[in-house]
Structures are given as C-alpha cells and as structure tokens.
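Labels run A, B, C and D following the written order; every chain starts at residue 1.
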Amino acid sequence: MNFASDNWSGAAKEIAASLQRHSEGFSPAYGDSELDHDLEQRFNELFEKEVAVFFVGTGTAANALALSSMNRPGGFVLCHREAHLIEDECGAPEFFTSGARMAPIDGEMGRIDLMALRRGLDRFDPSFVHHGQPMAVSVTQATETGSVYSTDQIAEIAQLSHQFGLPLHMDGARFANAMVHLGVTPAEMTWKAGVDVVSFGGTKNGCWCAEALVFFDPAQAEQLPFIRKRAAQLFSKTRFIAAQFHAYLDDDLWIHLATHANEMAVQLANGIKLQGDSDSPESLQIAWPCQSNELFVTMPKLVAKKLEAAGVQFYSWPVPSWFAEKMESGRGLYRLVTSFATTTDQIDRFLKLLKEC
Amino acid sequence: MNFASDNWSGAAKEIAASLQRHSEGFSPAYGDSELDHDLEQRFNELFEKEVAVFFVGTGTAANALALSSMNRPGGFVLCHREAHLIEDECGAPEFFTSGARMAPIDGEMGRIDLMALRRGLDRFDPSFVHHGQPMAVSVTQATETGSVYSTDQIAEIAQLSHQFGLPLHMDGARFANAMVHLGVTPAEMTWKAGVDVVSFGGTKNGCWCAEALVFFDPAQAEQLPFIRKRAAQLFSKTRFIAAQFHAYLDDDLWIHLATHANEMAVQLANGIKLQGDSDSPESLQIAWPCQSNELFVTMPKLVAKKLEAAGVQFYSWPVPSWFAEKMESGRGLYRLVTSFATTTDQIDRFLKLLKEC
Amino acid sequence: MNFASDNWSGAAKEIAASLQRHSEGFSPAYGDSELDHDLEQRFNELFEKEVAVFFVGTGTAANALALSSMNRPGGFVLCHREAHLIEDECGAPEFFTSGARMAPIDGEMGRIDLMALRRGLDRFDPSFVHHGQPMAVSVTQATETGSVYSTDQIAEIAQLSHQFGLPLHMDGARFANAMVHLGVTPAEMTWKAGVDVVSFGGTKNGCWCAEALVFFDPAQAEQLPFIRKRAAQLFSKTRFIAAQFHAYLDDDLWIHLATHANEMAVQLANGIKLQGDSDSPESLQIAWPCQSNELFVTMPKLVAKKLEAAGVQFYSWPVPSWFAEKMESGRGLYRLVTSFATTTDQIDRFLKLLKEC
Amino acid sequence: MNFASDNWSGAAKEIAASLQRHSEGFSPAYGDSELDHDLEQRFNELFEKEVAVFFVGTGTAANALALSSMNRPGGFVLCHREAHLIEDECGAPEFFTSGARMAPIDGEMGRIDLMALRRGLDRFDPSFVHHGQPMAVSVTQATETGSVYSTDQIAEIAQLSHQFGLPLHMDGARFANAMVHLGVTPAEMTWKAGVDVVSFGGTKNGCWCAEALVFFDPAQAEQLPFIRKRAAQLFSKTRFIAAQFHAYLDDDLWIHLATHANEMAVQLANGIKLQGDSDSPESLQIAWPCQSNELFVTMPKLVAKKLEAAGVQFYSWPVPSWFAEKMESGRGLYRLVTSFATTTDQIDRFLKLLKEC
C-alpha cells in the first residue's frame, strides 16, 4: 500500500519495452538521432504549434533552465508560496539564474491569488534598482496541493504577467494529471491560455527519467542549447529519453496513465468518505477536494502511526497557511499520492486496514 | 561501420534487461531505495575502501560537481590543454564553480607533462591575489587522444598536486578502457596512486546514462548531497541509474565490455597496418599508438571523403600541437572509436572497403 | 531641511582634510601601504582583539562578501523581513553567494524575534536536501526602523545561531549610531555578544566611501583576500579608504559624529511631540521610539505633501507588518533621518514650518 | 624614485581640491545629484555622442560589468594573452559573467594579432554547443606592455568582431595615455573606430578612485543599472566620484596629466638610451618602444638588485612569449611606470644612480 509519491513507482511497461527495443544499434549522440528529431516533431503536433523543445533529466532542471532563459539581473520570479521552486529544489532556480529570487505569493488551495500577484508586482518600481526587478511568473499545474488551475485562471494570470512585461512559466511536473482533470488539450492548457514556457513532466507519470522544456515562441529559446549543455543536462545517448517519450505519447499512453492515477485518487477519496463518520474524531477527513492524483487528508496523529506500522507508506505534510485555521489540534495533515502503478487492490487493502484502525 | 563515438551505441543487453527487471513495484525515491544503498556498498568493495559515491546523469555533471566541491574564489584547475573540461563542456566547469578557470597544461600524447604542470603551479604566488589561486589538478584517464597514464605517471602528478595542497581529480569517462589496458585494479588506478576524486563513467561503456562521482575521502564530500541537488542532478527514480550500474558490475560485465572495445581497436589498428604501404601516400597511417578504444589515423582528405561516402562514420579531429609537425599537408587527422557494440564483421567490412578506396 | 537619508550628506570636514593630506606622494597600492597596515592595527585595538579586517567600497559589498565567506550550497541566510539584505541590495547577497536565499524572519520594531528565528531554523532537517540548508543568521544594528538590539538580545540570537552551527553576521551600516545609543564598546556590541562578522560602516556617519568587513576569528577570513579581489572590491589606491578611516577613528570622531546625529533625532522627536496634539488628527505622531538617527512618524498624506512643497526632504516608508494595525487610514508613514551634518537650525526651521502647516 | 606603478601615486591636487569643495551640504544619493547628472552630460560632450555612462569604483569592476552586459551561456571573450582581464583580476570577469571564459589571443607588443583573432573566432561553429560560443572581443588601450593600438588597428579588430556578431570592448585603464600618444579625440579612439563599450579609467591618471563604463549604444546598457547595483558598485555618496571626474575633465586636466606622464616616460627612456653602451653587457636596454607611460627595460639581474637596494621602486615582469627569444640569459625584464606625479628630479636622480651602478 504505497501512497508515498508518484515517483516511488518505476516505469510503465510500454516505456520499459521501448527502451529495450531501442537499446541496439548505433545512432547519433547529443540529440541528433532520427528518434530525437521525430520526437521534436511530435511535440509540435502535441501542442498544435511549432515549439522549441529541449529534453532534460529532472523536473528541477526543466524549471531552473526555463527561468535561466528569462533571467534579469536582480530578478524576481513570482510564484506560489508552496511552489516546488521555492520549497523543494535546494536553491537550484537561484543557482542557475546566478541569484534570482523566488518571491512567494499567497493563494488558497495552492493557487496564486490574482490580487496577491498584482500586489506583488505593484511593489516594484522599474526605476528603483534597490528592490530588483520582476522577471517571470510561474504557476504549478497541478499544484503542490493537488488542485488544478482552470484555463480561465491561467489566462487571467497570463494576462496580468504580460501586462507587466513578464513571461509565464508553468511547472508541469503533473501536467497530465491536471489536463485529464480539466478535459482540455495540451494547447488549451498552455499557450492558448497565455503560457510561454512549460516544464512538461513525464517522470511522475510512468517514465524513468524524461522531462521536456517547451517554448511556445522558439525565438525565446535561442540560447537554450547552450544553457542546457552548460547545465550538464545534454545527455549523450539522448535516445534513452526519446525512447521513453515516444512510448509515452504512443496511443495516448500518457493520458491513460494519468486518467488511471486520477481515478485511483477518486476511488481512494470515495472509500475514505464512505467510512468517515463526521461525528467520530477518529475518522479520516478529506482536507480539500482532490483534482489530480494527490489526496490530502487529516487524521489523528495516532491513527497515522497505526497505518504506518501496518505498512502503509505516505507523508505527513506541513499545514499551508490558508488551511491552518481548519486544523484541529491533535490531528495532522497527510498526503496520499496515487500513480499509474496504483491498483484497486491496494486501495481496498488500505480501506480495509482503515476500518480496523 | 560506425566508428563515430562510443556514445553512438545504445545499452548493453544485460543493462537493458536489468532496467526492465527493476521497472515494476514501488521503492523510495531520491537515492533511498535498497537498490541504491546496495550499490553504494558495491562501490566500497569495488574500490576496496569506504568511499562516498554520488550518481549523476552525465559525465559533464560528474566533472563539474567534482570541481564544485573543490572550489576556491579566483580558482584555477590545471588540466591538459585538450581536456574535455576545457574543450567540450560548454563552460559547465566554469559555471558550476561560479567562474573558476581551466588552465591548460601542455603534454605529449594528451597526457599532462609533469614539468609543464610544475611550471603552471609555480606561476602562482599564494600571497598575490591578482592572479587567482590554483584549486585542483585534473587528469583524464583514458585521455582524449586514446592514450593512458601509467599508475606511476598518475602517482607523480598526484604527489606534485598534493605538495601544492591541491586535490587530484580524474575524469574517468573511459575509466574501464584505461584500466583494462593497464591491467590494474580500480584502487590501483585511483586512490592508491593518489587520486582524490574520480568521475567514474558507465555511459560510454554500455550504460544508457550512468555516471558516478567517487570521493576517496568521504569527509571531502560532505556538501555533495546539497551540491548535487542544487545542480538538478538528484534524480527521483534513482533506481534507473542503480539498475544500470548493478548490471554493469555483475559478473565483471564492465570489464568484459571494455576488453571487447579495446580488442576491437587493436584489431582495427592491425588491419590498417597490414594494409598500409609506407611508400604509398594514399594509405592510412596510425597516428600514434592506441591504448584504449580510440584509434587516431591520418589519411588523405580525399580518402576520408570516399570512406564517408561509402557509409563509414567517424570524425575528423583537430591536430594537437604536439603532433602538428608530423602532419603532412593534404592529409587529415581522424578518430575511429570502438565500443562494446563494435563487431569483427564491421571491422572486416571497413578493411575491405579500405582496400577498394 | 534635509531628512532624506544620512547618505545625502557629504564628508565630515576632518575626513575631507585627511584625504587632502594624504593625496601626495607615493605609497604601495592594493592595501600594502603603511597607512593601510596601521589601520589594520587600529581595528585590532578598536575591537580589543586580533581581527581580520577588509576594506570595501559599499555596505552592500561588505554584506555580500561576508555572506559569500559563509556560503553553503542550497544555503539560506535568516534575517529580518525588512533587512537591507532582502529589501535594498538588488539581489547582491544572492548573486555573490551564487544563489543563497534570504529567509525572512518576523519580529516587532525591525528586530528578529527569537521564537520566530527558532521556528525558521527548526524547519530545516539537515538530512533533507530538498529544502536546502541554513548557512548564517544576520542582524542589522541599528535596524532599518531605527531601533537597536540590546547586547543581551544580540547574545540570545548568537547563542541560538551557534547552537545550530551557524555564524552570526551583523550589518553595521549604522554601527556607530547603535553603539552610542547603547553606551557600550565595539567589542561588547559584537564578539563579546557572539557576533562572528560585522559590516562596519563609515559612509553613513561622515565618510565618503569607507566600509570595513571585520572577522573576529581571522581563520574564517582565509579566503577573503581572493573573495574581495574577485568581487572587484580591492581598490588600487587603498589609502583613500585608509585616510578616511584614520580620521574617522582619530580622537573618537566617529563617536562624536554619531552622538550628534542621534541627538539631532532626539531634538527632532521632542520638537514634534511638543507640537503634537493627540486630539488633532492633523498632527504628526512619533510612530515608535527612535533609538538611533532614524525617526519614523505618521502624518496625514496632505500634510506630508505640504512639507515637501515647502522644501523638506524625507521619504515615505512602507508600513511594516508589525505596525500595520496601528496605521489610521489617510495617514502615511514617513522616515526622517538625521546625520552628522544635521544642524539645530534645520530642525528649528522644520518645526516652525510644521506649526504653519 | 618610484616607478612601481601609476597607482602608487595619490590624487592630483585639483582632484583633491574638488573633493574638498564638494564635501559639504546635502545632495541626493545613488547617482541622482545635480553633480552626477551634469557629469553624465559632460560624457556626452566628451564623446560627441549620446552615451550611457555608469560610474564604478575599480577598473576590474568596469571590465567585469561590461562583459556581464554582453554575457552569453558558455561564452568566450577573446582578448590578448597578457590582458589584465586574464592575468590580474582574480577571476572577476569569470565570476561576474557566471563562468564565461577568457580566451587568450596571441600578438606581438601586447596587441591582438588580427589573423590570430580570426583563427580564434573560426574555431567556433555556432551549431556545435560543446565548445561554447564567442560573446565579445576586448582590447586594452594602452596595452599591458605600454604599446598603443592605432585607430586603424582598432577599426580592423572592430570590423572583424562585428562580422562575427560580437561587440568590441576596450579596457581603457590607461585611456588618456594612449589617446595623448595618438593625438586623437576620445570619439576617434572609440566609437568612430567601432568600439562598443569602453572602461574609461581615471584612477591611474590622477583620481583616487574614479572609473566610468561608457556604452556608445545606450540601448545595450538597459540592464546596467541593475547589473551595477547587484554588483555592489552603486555608491551611495556618488558625488565623491563625480567630484573627481569633474575636476579631471575641467580645463583638460586629464590630458595634461597624461601628457606629463608620457613625457616623463620619454625622458626616462632617452636618459637610459644616452647612458646605454650597446657593447656593455651591464647596461640597461629599452626592451621595446614605449608609447605611453610604461617603459620596459632589460638589465642584468644584479643591476636590478643594486637599484632596488638604492631605493628605486619598480617591478620585474614576466617575459611575454613574443619577446622570449630576445632575452639574454642573466638579464631580466623590468617595468618602469611614470605618472602625473613623476618629476624630472626623480628621473635625474635615477639616471645618476644608474651611472653609478
């Protein structure tokens, strides 16, 4: 019963098979194989637009290189207070930009609040060098708390960003989960809503190690080949990424994998709700609606310990400021993540165990 | 007939199979799985010493992070003029050290000349800040021109480096090829000769993407976990690297692969010599002795064009300064690389073709 | 009537005279003149301890180089939310540390709250690389809002920092003003209370351009000569800084200048209080007690405009979060700064004008 | 008898007096005073063009910030092998560009050889990321060995640089000395010959600490205000630089000071030649013609020791590769620098001493 993270699962079998299939023979290194070039073409089709796409090894690399391409001296990136950029990348965005700052913006449910963003932007007077200057806005889709921006919400943030002359970056580590939830196309969730650059993640959704950095205006990516190589992110045997992504996109595998992960989260949530007894202080409570594959629940800390002791894997989570007043003392906040590899059987066993706790 | 580079081949079948085998199930991310920890233990055994080992995605990353851990303000790294660090990493070593410089040292056959190194070190007066200060010495084993340092040569360089208070780094992108040539153990080629840190490459020798940064004094690696994560080189599904390296080390696979690659280079050299007619200006000549899996030859540029037209893949190479006076006009210098995937059949076809040219 | 900032004044006449006096003749460049070395000796005496002292051109440089010497990958510096490091240095601390982050800590009156600091430090689990790691704590003395830490408060912060293995930096841009207020010695306000490094500012207190970076453990400054040169802060004609600082320290000039500046602030505050009519919504109110040479007042925005129109120079100030609920609508927060160059006449004219507004 | 360096002298008396004169009263900080703005206007007049000018504290800062504004990932700056950028700035150019490399170009007399520059540029294939990419060319005027580029030579280098899409930077630490030697205008020696940015030095020619970074296309300087502030080079009491530069430009003082320095060098050279006896192995020999205020001589090492013992200050100098074969064994190369503060009396005393040695 593993709900620790979607990166605790391995690779989807179609992706493993593709790697196997492409392991023989010779082909040009450093992104110049036919497989690489075909994949670039597929990204154009995927996004219904000519894009500039760069493959890298980690989501942190995709994010950091995206920001590096938007760099300004004394620059600020405005992003949600709980963004991966701020909380979980050990200063990589700051390092790759030689010192840009991540400016935290508040907002409920892990989404940037539009008014808070405006206040954040209004602080900067372009003629006052001491404060530095804004250089980009970044949203995470799905967010760190499992919620999803609607395309309208993205469009509003994009409009405001562009009004201040700033590009909009999307951290799409869970791009597929969000897209499946919204029922839209890749284009609709990105450039049609105003997104300029997206970190398109494959790893959490069934790849081993496959991340793509996609620029919707190829002219803005002019320096990326050098930025990527200098960042030690240009792999020699690039077909090992290409082979993964080809299988990922073949026959909509990525959508099937994300749909499954999201459904497992719904199934888990429904099971918990069904068992929940709002009168019982012992019971698990859904903290807020799950819109992707991350379900947040509250439960007494003692119950969490029992579940862990029984072999369930999951993480306790820091309480976001916007949820703080809803937390009752003695209870903790916990994250349960589903993935392509989650099975109904695992959920049933978890729910059964829950009943016994 | 592909002699372009050892990174044009894919993955050895045992390595592909290992990835397949480990693609199912859940295990902790970010280096905390049993497979990861077992692998760390294997590196201790491999080097007959407790080491600190860090897995990264590219050889450039291994090199750059090694130097980053040795960083000094205004620092210089002394390495051979043709080193990969200088020539082929697009400034990654400089970037990850926030501006350290790569100081070129001369030497025949791609090896640092000891007297030239001493002159390079003597230039710096520790009390004169304007010049900056040396921070490390780096050797490439095997070198960029296919030669190999003897363990004595390494020991002499290490001794000189340590005398100046500098750690010695080894870029071991072709570690296995050099070791097989020397017929020594991993320990003998590294810490027993005075090497402090090695970039232990697996990718060129049959892995997809597997590089290890090995510190022989774990205390010197204290900050590496943070350096690696900040560099966007901490993969989430780390077992995809671990699975490769386990298969690589199982049953001495890595030694067998390198032995094969080296033997193919010998076979190729012998075939060329056999055909060579020192009186014929048309014939291929071995430029200098091959000690690993990179064979350098000279031939008339027209012959090279014919070979390429016939489907042979290989690179022309800039003439090193120490070889310049041996080059005859009209001829070019070319590199032929063999790998685990090179077959006798390919060599025979090449030699047959050569006869016809 | 200029209360804009203490850096709007020029140089104290003794300091200008010293520059004049030392402008002739030859002496070694880059810090090697007798004047330079004598000054280093004077800093030992000033702090009653052998220190390592480095002269630089700006307060931002002193701060950034101090942090640079304490750098850790993925590092955080914990400092007050309103600290100059965060608000007014255009990312210099982040740039010179290649991406360290400034983590804002709350606290009333511009002083770090000890419990908030502990919470900030407790967030970091040394074994969890994703969050990064703390690298230093920094206090500003006097603070950005004119308040002063007592030596006990400094000692408490130092103790907590050291408990977490972190050095304590003091941004002493207004060191003299704070010291005069406390009536303590330089040693008591710094290393005797646990401070490890201080940015000792001379510029705001009557020099042209003279800042000293003082390390109380010279061993920690070993790399500073290179860090400073690499930062383009090693001046060639260093005696132009030394000449300023000699005059600054001669006959306690620096103490007299700061005493005067502080007294002018008291005189200004008393004058305003005397005129203030707590019943009148029109009157100026002292926002919080002034402990150095920065006086903060609230007044109706219309009154501020009238004063400006009449030729008074001063800045409006962003309302700190800890003062927000005390602000009445229609009023603004303003900063009035005195300096060595402020005269009783200026204050009288200001108070007279105030009466007329 | 001080011929150590032009930065061993203090400040010209007119400049010291100007600082004295401007030390009183209040004026806006951070470059916003009337004195600052007037000075910007004077630079427009000086260069007969609307320029963007930024004042900084050191020549290293001017150079490093110039290159920072031209930065490209994986970037190379092509400059002479003996350039200050490479030899004497402790990695500041590399640091401020986050890792750009200084690529050494050969050339006699300290001047970049045009054919060598072309070879250096031809090495880079824009589509090959591994090598990195050129980002700028930099010339030093006067050079480190006291020679001066003619305006035609500058124009040829500029044309070649622009042909490769690269801006041309001039390190003008001894701008005035070179200009006086050529007898041209500031415009003729810079933008009229194709220079894009110049580090216009005042310090070596009689200021305390006054350097200006001048962009001939203000659009290219758009980010400079942020770059300078982030680099800790925006001084608060900027009038201390402005006051120096105003005096420097008043009544052509800077030209008079440089003319004097150059004349002193000629007088020194003539005196040495007159005494020299080409048959005597003991005698001083002018190494190459002096075109500014730096005279290079060879002499027996024993003679140099005698001179030093007699109180003459000067530096021994590393032998440039282009001069190596002219050096006789037992002799050393020495640099004698004159400045605005050198007097005929000092030279006479030196020559007298020489006769006695």
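Note that a contact is a pair of C-beta atoms (placed from the backbone, for glycine too) under 8 Å apart; a residue touches a chain by one contact, two chains touch by 3 or more.
Since this is a predicted model, take the numbers as computed values, not measurements.
J.: Please state whether A-C or B-C has more C-beta contact pairs across its interface.
T.: The greater number of contacts lies at A-C.
J.: Which one, A-D, C-D or A-C, has the same contacts as B-D for more than half of its contact pairs?
T.: A-C
J.: Please compute the C-alpha centroid of subunit B, do the same for subunit C, then give the distance between them in whole Å.
T.: Between these chains, centre-to-centre, one finds 51 Å.
J.: Roughly how far is subunit A from subunit B, going centre to centre by Cα mean, in whole Å?
T.: Inter-chain centre distance comes to 35 Å.
J.: Which whole number of Å gives the spacing of the CA centres of subunit A and subunit C?
T.: 42
J.: Which subunit D residues reach two or more other chains?
T.: 73-74, 89-91, 95-96, 98-99, 129-130, 132, 226, 229-230, 234
J.: Can you tell me which positions in subunit D touch subunit A when the two form their complex?
T.: Residues 68, 72-74, 98-99, 129-130, 132-133, 223, 225-230, 234 of subunit D touch subunit A in their complex.
J.: Please give the residue numbers of subunit D that touch subunit B in the complex, ascending.
T.: 73-75, 87-91, 94-102, 129-132
J.: Touching subunit D in the complex: which residues of subunit C?
T.: 2, 4-5, 7-13, 15-17, 19-20, 22-30, 56-61, 64, 89-92, 95-96, 98, 203-204, 208-209, 226, 229-237, 239-240, 313, 341
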